[in-house]
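Shared between the two complexes below is chain A, which pairs with chain B and chain C, respectively.
This part shows the complex of A and B:
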């Protein structure tokens, strides 16, 4: 039995309102909501669904193709993981998390550019409220201001394109915008880029990330770095590789900004001493890489980078948030040997770090290999050079952290377990199970990368530049 | 003309946001920007001597004279979202004042 995709939005949204009324049952409502969505996502009907009783292209539509299918799986499964790892921290935020989940599903599924704006705003409002968990209202306010500027710029860009194409439907806009001269598209594209860049954590709109993620806990860290970030990048991919394909000028602008984001993120991560800061700058870098790939048209490797980053950051941010809570610091020098008596968390963190760096036998290797192969096949050598240089920096800072967290004591001396910072449990039992499951997935998909590849791109695309099949063209409905 | 005026409003709002560290004034700046973009959207759908886009037998109107109803629907949604953002911004402003005793961001301490 297949279900209507609108249920992925309606169920959490309805439960969010119910949770406001039945405060005592909030925990159950959240658990049921996120679990139901994570289960139902595998039974959603593919294709384009018109909403509201109007005919396409006048109706708002939801599009579930291979691309958005990956998006909704990431969003729903990772939200379930985030809630399971930090269930106790969700107490005050049940309606917010559920409304956010509705917004995220809407963002990934929608086939209408204005509806995308509405869902982005719903998601953003839930994100602003979640960020207030960091007890730094000025940082949440800063995030709100940057988000508001971004949304006004997005709306301005969108309305300029609407003025030229006369439609808000993505598939029709894709057809009509292809006929418009490149010069007329540069300004709207740059404005829309600025709007999406806020949630996607791309320069110059990523100013909020340090304040918000730098003060995150096991719940908010995973939500921002894994769930919101993945959805925003999938939207970036939808818009810039399928709807409004940038011409030469706009393409160069976006790719240069994305690569600068990647490079600046890696360098800033290398210079940071706090664990969460290293991770947040690493997230910015990964976003930059995925955005550069999308803007070049390499959808398949970009989706692999997003999956790799989402899985890795889920483990790492939940570990970092819990470490800070248990030991009162997230300066990794002060956390020497924290993993010695926390083997499951330590091993999971290590595997996630290796996967993000792109070492063999884990999923990240397959992702990085595809990134490099895509550019080298095209005959571009500059970008692979930047990616490799970034990877070396990435490897350096992750190894530095791993050494500190596994081996207490001074450099050059024998590390003894007694020198470690303590033996407080990093995860609760449910958290440990979730983290181990995600780690096993990273390892398994490292050994069987083709199966993940086929999930991302059933029509091929392994080690190539063909993306997931896309059904944004109304009449065709199926694969393009 | 209205389009240029609305773009000017957006720029004034942006200047307001960037030139002050007072939380309330920043929120006013955001609102000015939002009004600017809303007027711009309405101006995009404007038709000189236009009519409301309602087809009726009693009052036949040249379809080409209809103003764009999509733009108006968008603005309604955009206004509601703007209201939500402003309300949330004011909550944060209140929290900042409660914690630091000031609305001035430059007096709230360090960056992180």
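This part shows the complex of A and C:
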């Protein structure tokens, strides 16, 4: 029983309006909407579906291919997880979350460039409203301004491309743009990049991240860092690996900016003293890495990085948000020993941190290996060196946090549980269950990485990447 | 019984130890004893399966003699130290976590030594790193765990780079094949060699990566320091070994400039080992804390092991391999005896202790034999391995390295004697007058290790026969062993005969001791003061400021840790700059940046 992909957008959108009317049932509506989407995502019809009765390529279309399938699973399942962990915090934002979910699904599914703009706007508006939760109007306003600038630039770039190719349909544009010379494509490409870079947290449009994510709670932090981030990066991947493949000049510009984002993010995280700040800069760094991979054409490792980041940040931001709520601070020096009586949260956070650093036995290792292999197979060793240097720094700041949160005590004395900041439970039971489930997934996929690889590879192959550069379940001998 | 089962059962023991510890932490600690003894016995019995291969998920294992040798050393350290675990549970913030991580790291080391391909090696290596980091943080210093992890990460990431780079060139991860194809790429080969051996150097604690060792070994929980010093640094030795055997360094570099037959990249590493010997020795002499002193001695001994292994020749290599066993046993025994004293007195600061020989004679004996071995004095094992290493260095004419090795040997006598005199000899402090010897359960491992030290010294050929197998497996000319003697081009060593001679000497000295009059025991504060009042017992202990004149010679020596601090500060500053430049809140700056970017692109794009 295959359903039309439009339902993934229509259901949350419809429920959003119903939630405005039936305020008392908002909680139920949210739960039903999010759960339904996460469930239905596995039954959607694959292929390009035209909307509104028009014929392709003039119609707006929704494309569910192997690549967007990954994106749509990520978006819906992660939203379900985010809502489950922080259900009580969704009270005032039910319509916003549902509308945002519709927008996100639209962003990932759409096959039309202008439709993408529309859905990006819907998503952005829901993001602005969610960011106001942090009670920092100046930061939300800043986000609004940067987001609007980005949208305008995107539109400008789109107009230029439309003028040159005559179509807004993504697959058709992919064909047509290949025929246009590189010089003519550089400017529109950069403009469109600037537009998508806002949500994807890339330089120079990432000025909003510190204010918004730095004041997020367990719900909004997870939404921004996992859900919105994954969607934005998948869109980035779609646009720059399939639709508008950058030529040499634009490609170099994008890769340099992305790597700069990675490096800047890591060092900024290193000097941060606040837990949420460390996490948001780490997110920026991971976005930069994924963008660089997409721009080089390494789609498979990029998707692995996105999945790894989404899962890890989900756990970490919800923990950080809850810690801030319970103890009033997220300065991790002041939160010493918060995990002492909080084993599940602590273990989950630890596994997430290890996965983001790329340590073995968890999924992040597989992602890291593929990133390195993709470049070193080609003989490039500058980028892997940068990535590894960034990994050392990332490991350093995560371990610093972990040590602080697990082992309170003065230097020179044994670690002492009495010195911990408190024993408040970080997650409620439902949240604990969700977080443990995600942790188990991270560990399991660390032991059976090729299963994940097989799921992701077709998406990569669609966009020109031949698939895993490494196969880990090897025949006897341990090589590919 | 195959290797898969050993590792899986060890991990199962780890989980079981965690669960049992939640109910009763002493019982959980006893499970660590059971788990490590199980692993020790089963791996020992795997002797007959040497040469076979086995796989689990995506891990591939290869039972080699080398791996068997290393893992037995490691498991001895783990299992003997485990006997101390039950008595330290009260001090730990996470007793259950400690027991779990203890056995998990043990299982990890097994995976490292028996790995067939580099992915397996790396996965288990990193598992050991983070599980031991989480144990170290439970001790006296969080900073130590952090520094340990960061320096380890620097090494690991460099090695990962080397592995992946080699994979990109040769297309395989299998240890014995991955590097063989590099002969045709001399430039890459040097880069890969240097980055690959980095993890080994960081783990052994070779200069300039040695800064983590003193703080980590010194501040770790007392029951984990013996494992760190006796066991985990040997993992680094394993990588160093691979870097000259799996990576055929001598062949690949044979056309390079060389010094006395040793290619320069390898000689450079050996020189770093020599610097570690000197630095470790000198720093050890200065220490006031017994554990930190022993940690610095591990730095020095790591230098010996590295030099021996990298020589890859008949005699020096055998010495290096033998020293792995000797140092592991001696170091573990020394740390355990200090732990035993700490158990009774609650401190490891040497200035606060004295005269424990009267209260804890067995512990004293254990420590004494351990340091005799570490200093390289017959009839203990350390003498044999150092003798072999010196032979190798002298034969090759490596004057600088030989000089530092001899210096390290003499210096080691200085520093190992210090805790002996400070902690055990001299007069007992009043507060310790009622302390008793430790119980049998703690004495048992110490005695076993002492016997092992003696065994390696009196019958070294038992171990050297395995080393001969290893040497043959790597295509080297093995060291020549006769009945009970080791034959080299400079002469031969019959360790048993040496032991007999020492036995005679000891007997004569003992007889003299018994016959002659005993000295009168005087209390510490009972001393001539010319009517001054004395109240500080610590200052009156005869080992106070023991080596002050010598220490003054190198008081102003530079501290490598400062380099790392400076690097961290610089990265912090870089982060500050990045944050203010790129992640500021003012939209105006962003807009200007974007416009600038667009303008540049328009102009450049137009030109191009």
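Methods note: the second predicted complex is superposed on the first by the 457 of 480 C-alpha atoms of A that agree within 3 Å, B and C clash if a C-alpha of one lies under 4 Å from a C-alpha of the other, contacts with A are read in each partner's own complex, and residues count from 1 in each chain.
Assume a residue touches a chain if its C-beta (ideal position, glycine included) is under 8 Å from a C-beta of that chain, and two chains touch if they have at least 3 such contacts.
Quantities reported herein were computed from a predicted structural model and do not represent experimental measurements.
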For A:129, decide between first (touching chain B), second (touching chain C), both and neither. first
Taking the superposition as given, does A:168 touch the first partner, chain B, the second, chain C, both, or neither? first
For A:145, select first, second, both or neither according to whether it touches chain B, chain C, the two together, or no partner. both
First, second, both or neither for A:388, with chain B first and chain C second: second
Can A:137 be said to touch chain B (first), chain C (second), both, or neither? first
Identify the partner contact of A:210: answer first if only chain B is touched, second if only chain C is, both if each is, neither if none is. both
Residues of chain A touched by chain B versus by chain C: which partner has the larger set? C
Which holds for A:267: it touches chain B only (first), chain C only (second), both, or neither? second
Does the superposition put A:118 against chain B (first), chain C (second), both, or neither? first
Following superposition on chain A, which residues of chain A contact chain B and also contact chain C? 138-139, 142, 145, 149, 210-211
Per the touch rule above, chain A residues touching chain B in the complex are 114, 118, 121, 125, 128-129, 132, 137-142, 144-145, 147-149, 151-152, 155-156, 159, 162-163, 168, 210-211, 214-215, 277
In the complex, chain C residues that touch chain A: 53, 55, 57-58, 60, 91-94, 116-117, 119-120, 122-124, 126-127, 130, 133-134, 137-143, 145-146, 149-150, 153-154, 157-158, 160-161, 164-165, 167-168, 171-174, 221, 571-576, 578-579, 581-587, 589-591, 593-594, 597-598, 601-602, 604-606, 608
Under the definition above, what is the set of chain A residues touching chain C in their complex? 138-139, 142, 145-146, 149, 153, 182-183, 186-187, 190-191, 194, 203-211, 249-250, 253, 263-265, 267-272, 281, 284, 340, 354, 359-361, 365, 369, 372-373, 376-379, 381, 384-385, 388-389, 391-393, 395-396, 399-400, 402-404, 406-407, 409, 411-417, 447-450, 470, 472-474, 476-480
Please name which positions on chain B make contact with chain A in the complex. 10, 13-14, 17, 23, 26, 30, 33-34, 36-37, 40-41, 44, 70-71, 74, 77-78, 81, 84-85, 88-89, 92-93, 95-96, 99-100, 105, 108, 111-112
